[in-house]
Amino acid sequence: QQAKEQFFPVLVYRTGAYAPNGVPWANGFIDYLKLTNARGGINGVKISFEECETGYATDRGVECYERLKGKNGGAAMFQPLSTGITFALTEKAPVDKIPLITVGYGRSESQDGGVFKWNFPLAGTYWVAGDVIIQHIAKKEGGFDKLKGKKIALVYHDSPFGKEAIPILQQRATMHGYQLTLLPVPHPGVEQKSTWLQIRQQRPDYVINWGWGVMNSTLLKEAQAVGYPRDKIYGVWWAGAEPDVKDIGEGAKGYNAVTMQHGAEPNAPFIKEILEKVHGKGQGTGPKDEVGSVLYVRGAMSAMLAVEGVRAAQERFGKGKVMTGEQVRWGLENLNLTQAKLDALGFKGVMRPISTSCQDHMGAAWARIHTWNGSKWEFTSDWYQADEQILKPMVRAAADKYAAEKKIQRRTPQDCQS
Amino acid sequence: MIYRENGQFKTSYREDQQIFPIAQDRWFILALVAFAFVGVPLLADEYFFRAILIPFLILSLAAIGVNILVGYCGQISLGSGAFMAVGAYMAYNAFVRFEGMPLIAALLIGGLCATVVGMFFGIPSLRVKGLYLAVATLAAQFFCDWAFLRIGWFTNNNPSGSVSVSNLSVLGWRIDTPVEKYLFCLGFVVVFGVLAKNLVRSTIGREWMAIRDMDVAAAVIGIRPVYAKLSAFAVSSFIVGVAGALWGFIHLGSWEPAAFSIDRSFQLLFMVIIGGLGSIMGSFFGAAFIVVLPIFLNQFLPWLGGLFGIDVSTAAVSHAEYMIFGALIVWFLIVEPHGLAKLWSVGKQKLRIWPFPH
Amino acid sequence: MGFFIEALMGGLMAGMLYSLVALGFVLIFKASGVFNFSQGAMVLFAALAMARFSEWVPQWFGFESKLLANVIAFFLATACMLAFAWLVERLVLRHLVNQEGVTLLMATLGITYFLDGFGQTVFGSSVYAIDVGMPKEPVFILEEVFDGGLLINKEDLIAAFVAAVLVAALSLFFQKTGTGRALRAVADDHQAAQSIGIPLGRMWVIVWFVAGITALVAGIIWGSKIGVQFSLTTIALRALPVIILGGLTSVPGAIVGGLIIGVGEKLSEVYLGPLVGGGIEIWFAYVLALVFLLFRPQGLFGEKIIDRV
Amino acid sequence: MAHKKVGDVILDVQNISLSFGGVKALTDISFNVKEHEIRAIIGPNGAGKSSMLNCINGVYKPQEGSITFRGQTFKHMNSRQVAEMGIARTFQNLALFKGMSVIDNIMTGRNLRIKSNIFLQALRIGPAEKEEVAHREKVEHIIDFLEIQAYRKTPVGQLPYGLQKRVDLGRALAMEPQMLLLDEPMAGMNVEEKQDMCRFILDVNDEFGTTIVLIEHDMGVVMDISDRVVVLDYGKKIGDGTPDEVRNNEDVIRAYLGTSH
Amino acid sequence: MTTPTPVLTVNGIEVIYNHVILVLKGVSLQLAEGQIAAILGGNGAGKTTTLRAISNLLKGERGEVTKGSIELRGERIENLTPADLVKRGVVQVMEGRHCFAHLTIEENLLTGAYTRKDKGEIAANLEKVYTYFPRLKTRRTSQAAYTSGGEQQMCAIGRALMANPSVVLLDEPSMGLAPQIVEEVFEIVKDLNQKEKVSFLIAEQNTNMALRYANYGYIMESGRIVMDGAAEDLRNNEDVKEFYLGMGGAERKSFKEVKSYKRRKRWLA
């Protein structure tokens, strides 16, 4: 029966400059949806889904959004998978009453649910990523006080995505007295010679890589070409997957990246389940050997969070029913994924609990560091939690500025109940 | 036999100089405009408005602007994206920095700023020609991309370089729903379309075309290349700037410089070439072709695959879309190198003599 | 000082790499008056063919030798470019004889789209590696003179050498052979060229094939440097100021232009960039080209633009 | 033939020299043109005739010499100035605006006289429209005069060569010039068409009193209709005078005419 | 008159430009081996179009032959490329010069010999062209665009001769040439025709000259052949005299005397 299906729009990019990274994410996302169906749906509600190719272009993304939002009974959430598209949809979602889930990307200040009622940067924002990287470096150096006088260079994709990291790194720089150099790399990032000339000149102690797509592999190759030690380079979680390092192999050995909790998880229970129930039945979306890779898991996890959002909404608005965008929004805002729940879903060892609230749309600020050993990614650190003391005021200030510009009122406590 | 001019005698030059001298054309266009204002809002659904009609209208407007520069004045420009960006960001600044700035005024201010920038980057055209001029305009493109990302002032110091607007209204009329946005854009397009058409069939338009076709001869009959070229840059970038402001304000609502990247410049140039250089009508055809066709293919191909029971993957669809789109461009050019507008007029020509072959 | 020399050399090397791509543009423009927008797509396509064949060939024939695989792949890729050139003439150019420059430019754009879609369909859209044994690790010289030594990138040196050889060969071809002269005639006037018996079709296949080979060479070098994937097409944008500066019709111009642009953009980025927030090299390259144009509107070595009544 | 009055010198060319690199196109050329006269320039191919016209209307800048028009002396002229002073010309290798229709091509000739500004033109109200119509009327006269009514709206690129030459003349006439420079207006025409063209030229000369400087290779035409003839050879002036004088000038016969016509 | 074997036979061709403009409405003509034939007619009669149809250069003008056939020595040639035709010895000199602007005069001439291989012959031919047109020799190193109109015309003719053709299609060769050069060009034509048996098809406005040198003439008007005959006969035909030779009546009229009233008479409306 038709009405019993919950529609998931899937914005992807399987072509163009960022396709190598977009494809595994999309495959993971779809496979997880298929797995959920194989598990019997969300309390019996099956999932239907449709892909739309954005090519990472904002206008195509907007078109996809418009196309899919009314389809198959209506979309109850969107995952734009691009910072640019997120910005554009942030204006549209409140009007259409559809929540936006941006797992690990998008506006960092949208964590503030008091202003960004419809945005859900679940499981981590760029400020979390930046904060954790600095914490890790500090730990390596033997404490925050050791950072004083150190040089850190941020090599970033010259776009809103790349610039997201700057505020937190600057904030920390003023606190700890390291010297931050900003080195933008224009899209798509294949030309970094002058960047690395500058790095050779300044000899920073660490390089932080805020890249995406081909920029990452180029960056590592340039690092190799000028002999910069790869183990002094830290990437954001969009710069820490297999396509970024695979064809460099040994040359990228030692390169680190912060993870959005998970890494490559070939042994996670839910991956095994996917291999068995989806790929095993010949319904796998991509090649089998990609299952469990970093971006694949990111896709699957993004799908899981959306599914759990729907499930949470069902808890309140009626189990076994198809949820609307508003209802899912409530679900996402009242997500409480305990460790037990996660384990049951097969995410044991992959991630930590997430619980959201009206004020906090992120739900968790945990991250680890993993390192490329020449053939695969390995965890090389413990869990870190981003420093609330630092992030909270930043989020608040940025959100307030946005609210003022947009003339939006902060949500009242009653509104939070709704 | 419907398309006959017989019996339509022009008794004055004024009549012969109307925008559409042939009565059928006139009626057709009037009907079309009326339909666009009245019929479309009744018929189209939200997707159609937001994903197709609004972008189509705004890009048509931009294409008209580009066509004035490239098609009429013959100055190849790859900086249109930048001029759109200038329009959008300056309109944004006008809008947020001045309390109570009316929306239309903000959009026009955006256009004016684009005019200034356009004229500045048009200065090399006095010396540099053809494809070589394209670099001058590319310099504009890359410089503006950079400036809007890097110079905080333009984005009201938003750290990410992206800006957004909301609460748009004109004289108390709130522009919220897709239909309202559509009508708002349509109004702009109609007004600017008519103004542009008037310009290109007046002296200034003839000066542009003369410069395009043979600049030495143009100079000999007293046309000042400086004036002709710079005025083309000015008019063109004004229209493009307004289109850019509309793109940001009405279509996207929130944007970053990437929305006006080099790809946009190319896209606009393609529109005018495919549509027909030196044809206002062609700008619409071109915009329709470049905006609508990929979207159409993107939805049509899976459906087609479905008919034959093939499940076409998203990637395959978009690859096929690329290939078909490319092939169609080539095919149209072979059929008619002067663009869709020319094809249209040849079609009309045939209709005129129909049922005879010549 | 050491740093300056290093930046200078880095610029020169980068310039040579741009020149490789620029050459393809110049060839086709000089020889048929077509501004070939699809050069970037050709680079990608050729590189994809090379990368994938060198991966597939050992699988098909069951051998291990990397060298042999590369050699076979090179020939297969060359064959692909020949087929491509032939098809372009057959299906596109032949029907557009005597059309204006913009029309032809637009047609090459159609080809670009087609090639992008086709290449990704046949060869896939992930990142692929080309491994022709380019040395990756850096060498440092004069360490006793400069602190940290001078960085030399062997890979770039090889690329520069290849580019220089190509340019020399092509310049000779255009200046010294009858075919070269006929090609220039075609660029001036398609119809007149036809009228005296120059077979346009064959000429076009020849230039597009030669341009295809330069694309392949550029693709191999760039591909082994940054990996083969879609972004390769965007380096065409970096090559544009190069050809404009050097002159659209000059083969040596592509090299000189490349060197000037390479040095200009690297030095500007390194010395001026930090003052204004960085990321200026791409527009700086264009502005640099523009400044030269103001003095020589046809580029440094381009044929004079003729306007006569 | 109506007797016309040849007036004073209006254009005086003095000691013009022009060279391109090593090629001396013009060496020390002086001659003058009187009001209302038809002045021909003849000479073998490559003698520098077209270059002479190019100097007069500012396309080429001669290295030496000066040009005096109506009492004002110029080292070299600027095209716009020349146009404003009322000198129009046609071109040897057609220089029409290919993409425009016949009407539009000729309308460009009126361009200097159109006064409404760009905003009025965009709105096309009141004066702008009136002006447009008025000028259109003038242009229609020229079209009638040249008998090209049927091609009004054809893009000129599609016209046969001979008609293009007529349009070229029409464009020059539209400027209502005081002096008209014609560069081989009759090349590519048959006798009948040449007769028509001569008629046009003579009519213009008679009716509007326009001074005409004419380059032509058809000696029949030149000797018939011109009042005075300048002969150039290899950039040098080798003869100047009435058709009869020139016809019998030894140098001219040797260099150009071959046999006496 | 005996009919020698025809080299070129054009059989009732129709030509359409741009899919809509019908320009030739059934043109038939023949060029006999070793003959000089002239096509005469006013502006827009369709002379150029006919020549383009024969040499297959219509495509670039977006024209096509829709009816009729064209044969070269009995072989249908509508589907050959222009290059194939040149190989078979048919070369056209295009109207309006069309020199390669960026190439020097000498390079222009040399490209004319593209289809030939023998270096020695080419060099000899080049010398021949230079002796025909000494003016070209003095300008050999300048780019064609910067030569005078007449020099370009010589260059175009010389370039065609470099291909060593057996049939030459000349489109308005006399245009823009000084009278004695015109004479020379026709002398060259005669020379080649007699010594090397080259056949010529000439579209000309200079009727006088053309009929003096041609063996046969065709008169075209609005896309049709309205009259043909031996050059001799045409020259003596009263109508031709009046309209094309400018010799209405007995004595030659002065141009000044031609009245501005319309004195046109047409075979076709």
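Quick notes on this one:
Per-chain numbering from 1; labels A, B, C, D and E assigned in written order.
The definition used in the following text is that a residue touches a chain if its C-beta (ideal position, glycine included) is under 8 Å from a C-beta of that chain, and two chains touch if they have at least 3 such contacts.
Chains and their UniProt names: B = Amino acid/amide ABC transporter membrane protein 2 (HAAT family); C = Amino acid/amide ABC transporter membrane protein 1 (HAAT family); D = Amino acid/amide ABC transporter ATP-binding protein 1 (HAAT family); E = Amino acid/amide ABC transporter ATP-binding protein 2 (HAAT family).
Predicted, not measured: the structure shown is a model, and the values here were computed from it.
Common neighbours of subunit A and subunit C under the contact definition above: B. Overall, the chain located most centrally, as judged by its C-alpha mean against the mean of all protein C-alpha atoms, is B.
Taking D-E and C-E together, the chain pair joined by more C-beta contacts is D-E.
Taking the mean of C-alpha positions as each chain's centre, the chain lying farthest from the centre of subunit C is D.
For the pair subunit C and subunit E, the distance between C-alpha centroids works out to 44 Å. If you average the Cα atoms of subunit B and of subunit D, the two centres end up 41 Å apart. Centroids of subunit A and subunit D (each the mean of its C-alpha atoms) stand 74 Å apart. Work out the mean CA point of subunit A and of subunit B, and you get 37 Å between them. Counting only residues that touch two or more partner chains, subunit D has 59, 91-93, 95. Counting partner chains per residue, subunit B shows two or more touched chains at residues 149-150, 214, 216-217, 220, 315, 318-319, 322, 337. For subunit E, the set of residues touching two or more other chains reads 21, 146.
Across the complex, subunit E is touched by residues 1, 20, 23, 43-47, 50, 92-94, 158-163, 184, 187-195, 198-199, 202-203, 217-221, 224-225, 256-258 of subunit D. By the touch criterion stated above, subunit D contacts subunit B in their complex at residues 57-59, 79-80, 82-84, 88-89, 91, 95-100, 104, 107-112, 114, 116, 118, 121-124, 128-129, 132-133, 136-137, 140, 171-172, 175. Contact residues on subunit B toward subunit D in their complex (touch as defined above): 12-14, 16-17, 195-196, 198-199, 202-207, 209-210, 212-214, 216-224, 231, 235, 278. Interface of subunit B with subunit E (complex): residues 337, 346, 349-350, 353, 358. Per the touch definition, subunit A reaches subunit C in the complex via residues 14-17, 19-20, 23, 158, 181-191, 193-195, 197-198, 200-201, 203, 213-214, 217-218, 221, 224-227, 243, 246-247, 251.
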